[in-house]
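Think of it as A, B, C and D in the order they're written, each chain with its own count starting at 1.
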Amino acid sequence: MKKLINDPKNVVQESVQGFGLAHADLVEVHPDPLFVSRRQPKSNKVGLVSGGGSGHEPLHAGYVGFGMLDAAVPGAVFTSPTPDAIIPATVAADSGAGVLHIVKNYTGDLLNFETAAEMAAAEGIEVRTVLVNDDVAVEDSLYTAGRRGVGGTVLVEKIAGAAAERGDDLDAVTAIAQRVNDNVRTMGVALSACTVPHAGVPSFDLEENEIEIGIGIHGEPGRHRIAMEPADGITARLLEPVLEDLGVGSGEQVLLFVNGMGGTPLSELYIVYRRATELLKERGIEIGRSLVGNYITALEMQGCSISVLRLDQELTELWDAPVHTAALRWGF
Amino acid sequence: MLDSEWAVAWVKAAAASVAEHKMELIELDRVIGDGDHGENLDRGFQAVLAKLETNFETPGEVFKLLAMTLMSVVGGAAGPLYGTAFLRAATAAGEASALNSDQLATVLAAARDGIVARGKAEPGDKTMVDAWTPAVEAADEAVENGLSPEEVLTAAAAAAEQGATDTEPLQARKGRASYLGERSIGHRDPGAQSTALILRCAASTARDAA
Amino acid sequence: MKKLINDPKNVVQESVQGFGLAHADLVEVHPDPLFVSRRQPKSNKVGLVSGGGSGHEPLHAGYVGFGMLDAAVPGAVFTSPTPDAIIPATVAADSGAGVLHIVKNYTGDLLNFETAAEMAAAEGIEVRTVLVNDDVAVEDSLYTAGRRGVGGTVLVEKIAGAAAERGDDLDAVTAIAQRVNDNVRTMGVALSACTVPHAGVPSFDLEENEIEIGIGIHGEPGRHRIAMEPADGITARLLEPVLEDLGVGSGEQVLLFVNGMGGTPLSELYIVYRRATELLKERGIEIGRSLVGNYITALEMQGCSISVLRLDQELTELWDAPVHTAALRWGF
Amino acid sequence: MLDSEWAVAWVKAAAASVAEHKMELIELDRVIGDGDHGENLDRGFQAVLAKLETNFETPGEVFKLLAMTLMSVVGGAAGPLYGTAFLRAATAAGEASALNSDQLATVLAAARDGIVARGKAEPGDKTMVDAWTPAVEAADEAVENGLSPEEVLTAAAAAAEQGATDTEPLQARKGRASYLGERSIGHRDPGAQSTALILRCAASTARDAA
């Protein structure tokens, strides 16, 4: 596996530095410990901080800016960041109204953000946490670490960001973020694995004719492996459990999000999107908003995920609210 | 004598061992996790090495440095877990300038309890707890039998190694491997394996220091 | 090579249909012959039409909308579209002020657009053509079909689109498009080949340790093959011939465009961007504007291209002008 | 007799031959181009087949249908080039209900000239011109020797096949293969090869119709 990198050790530093140079109008990059903060922080606005392992770009640094995150903390590739980086990011994001940590539900992220939140609280910052756990591929039971946070994270960050921007207080922003999480479900598929730079070998092995259903965003193997099949069939396999689990039905409005895993052409995502619109139509579900593209990735993995968010009027308005980040921009 | 010098020697040996087995840990984690355990732990121990210059009075001080550095450099699940473990170990070791067998067993139990408090895993969940728990039990037994500190550590290390091996048939119920369900069966848990490596170094450096 | 597709024969139709469904506010998809037109055409504005083989998404349909293209004509994968599709697209784009065809310099595109232009002219539409040929990897001589149109195409479409939107006439828009083309140079690299759906095998074979320098966007082999090397070295190999050929020097302002070929993670593009900023700084060249992302791709090819556009005040203003398309959006 | 029935038979045979050799043409184009030549041409000829129901009076009418369909369905470089070739051929064939040897040679030359006018390639540039040019020359010679139309076509087809083979050592100077420079040497040009296939079918159906 060839990569456009230098020393694998410096991948995250160099990439985030490049990101900072390309988007100097939006963000500031703090090199050590590494985090990214919004260039023009507002005062007295609830601060939004997210973070996690790198390799999911544009998540999270690509979502720092007006109407979304105030700071992002990139860990090593697929490795959650450490408290010593999360704490200053939390401090930078705080403008007096408290800080919301948006944490994807992985043991590592959870533990590191938990520690950081305790320590930030000790410094007098009010911190709340929302755990994103939208991945229906994982059974949420005593026998697992719980559902993973995947595609829904982007939607939580956008919508909670809009709530913070309009002046909601910490309780309200937390409640909105939680409401998005409660109303979004996701399922993914991998056609190929990805290769973590320092590992140098693919994170799992797939035969030429196999695909992995229920994949996460870290190259973890998924729920089960099946023989390759046409995009229309795969779309149904992803969408149906999402709709079942969400319990969304005829007459309801949703946001349909087809996300690329990094190595899949945009054209293929639109083929999936097309079939998904047909399946939703058959069930009488209306697509109020949509998003198609590479928004939460797993390096160069080939595949996609489908997320469905149940919309109400407030969530729709917050989705439509202006946003100006490197990776999501409208109203500017 | 399990004094601060031993603690330093142990950390150095553990760093070397983790570096040596880095690819093996990566491979274990690749199969049932995300393939970063070896890299992360190695980065952490290298960072500890770089900070070992200071003069230490007690093993507790070394444990504390180890804890804080792993906590802030390793990341992932293992970072906070090992961080908490060694922080609790430091507290348990207190001001003692060297650990006797009794104190050693208390330190090991405190470390294990820290991991359990933090990660909420039970024995049998296929995590590093499955190496720490038999290690603590073996240490307690060795103390009861009146063995020396280095013998206590040797027993603990052997039990940890057995515990790591014994994770193979288990189905993971905590951490990233739990997403695999039954497919996690048949593979050794990387965190249990790194625990075994680290305790093995504790024992061998203890024997050298004896 | 696994792909999220159904029958290879329907890849372009289904994908463009999905695109139309996801961006129904911006575009209208005409299924047969296939082309995409802007939802709200202005009257008495110069119409901009581009097109070419599919597989370069978001190019071109992703650039249909306010401030950019009025119509896009997607051919089969890597195959230029035919006159019978280009003609109605030209008719749709015409609002009385004439139409500019933006054509990437490939024999097939050239011949098909040429035929279509003749026939549209016969129907009374004034048509001009700008050939984009920015690829310094190809020697522009009697012994080749001339330089290919690659990354610069995106910049030509954006800037000419802004000129048309502000009300420039056909001569003026053509002149601006030509000026962009004259001032932009590009060079690309492939780390892996791509696979055309109906071919089913990679377009060329690269060893595990080889990369192809001077690649185009159709899976054609490039200028030469070298052993894999770090991103910093590759960046210099791409950027230096671009700067030489453009003859850009100390004190000048440029737009730096690092483009992904489709299968390369965004994070790696930022690593390349970072090194490129250093190299430009060494030469005293100032980066006035920048663009980093997958904007003109070659299916799932891994690799990138670097484009440099010499800026002047007018080009900068036109670049900054509002644009609202599926793939490029600001000021809205 | 080279009448409209022959022209229809030829188009059907050519469609079958292009379909049969589709992967071979794709492979030739993959190596020095972009791998779509076989697919595109096959799509074009299949579209022609679907339109062959009409009653034709003259071969020229068939050529015209072929030209318009290839032009609007094939795309790429080959679409307009073959389109122009068969449009010029149709014009040259005029109202003739059947082509004699002389007319046939004129038709072939017109087709070749159309390709050259459109694509501006010269012989030796490693394009389909390198199959058409020897074909036209062989046809002219056959006419001078007083041969029958089917013999003229047979000579032309043989020369086109030789011409296609002879593109192998050439360095491309037109079309996509020219980007490869010296690396285009040693590979046959896909457009020259498809030209040879199409003319071979013209000859075999002419012999059947004789």
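The criterion applied here is as follows: contacts are C-beta pairs under 8 Å (C-beta built on N, C-alpha and C of every residue); 3 or more make two chains touch, one makes a residue touch a chain.
The structure displayed is predicted, hence computed values, not measured ones.
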- Task: Go through the assembly and pull out the chains touching chain C as well as chain D.
- Result: none
- Message: Can you compute the centre-to-centre distance for chain A and chain B, using the mean CA position of each chain? Integer Å is fine.
- Response: 32
- Query: Between chain A and chain C, what is the separation of their C-alpha centroids in Å?
  - Reply: 29
- Message: Counting only Cα atoms for the centres, state how far chain B is from chain D in Å.
- Response: 75
- Just curious, how far off is chain C from chain B if you go by their C-alpha centres, in Å? 55
- Query: Looking only at which chains touch which, which shape fits best: line, ring, star, complete or other?
  - Reply: line
- Name the touching chain pairs, please: which are they? A-B, A-C, C-D
- Given the complex with chain A, which residues does chain B contribute to the contact? 26, 30, 33-36, 39-40, 43, 71-81, 83, 118-119, 171, 173-176, 178-181, 183
- Write out the stretch or stretches of chain A touching chain C in their complex. 2-7, 11-12, 14-19, 21-22, 54-55, 57-58, 62, 191-192, 208-209, 211, 228, 230-232, 234, 262-275, 277, 290, 292, 294, 297, 299-300, 302-304, 329-332
- Note: in the complex, chain C contacts chain D through residues 33, 53, 75-84, 106-108, 111-112, 114-115, 137-139, 142-145, 148, 196, 198-199, 201, 203-204, 216, 218-221
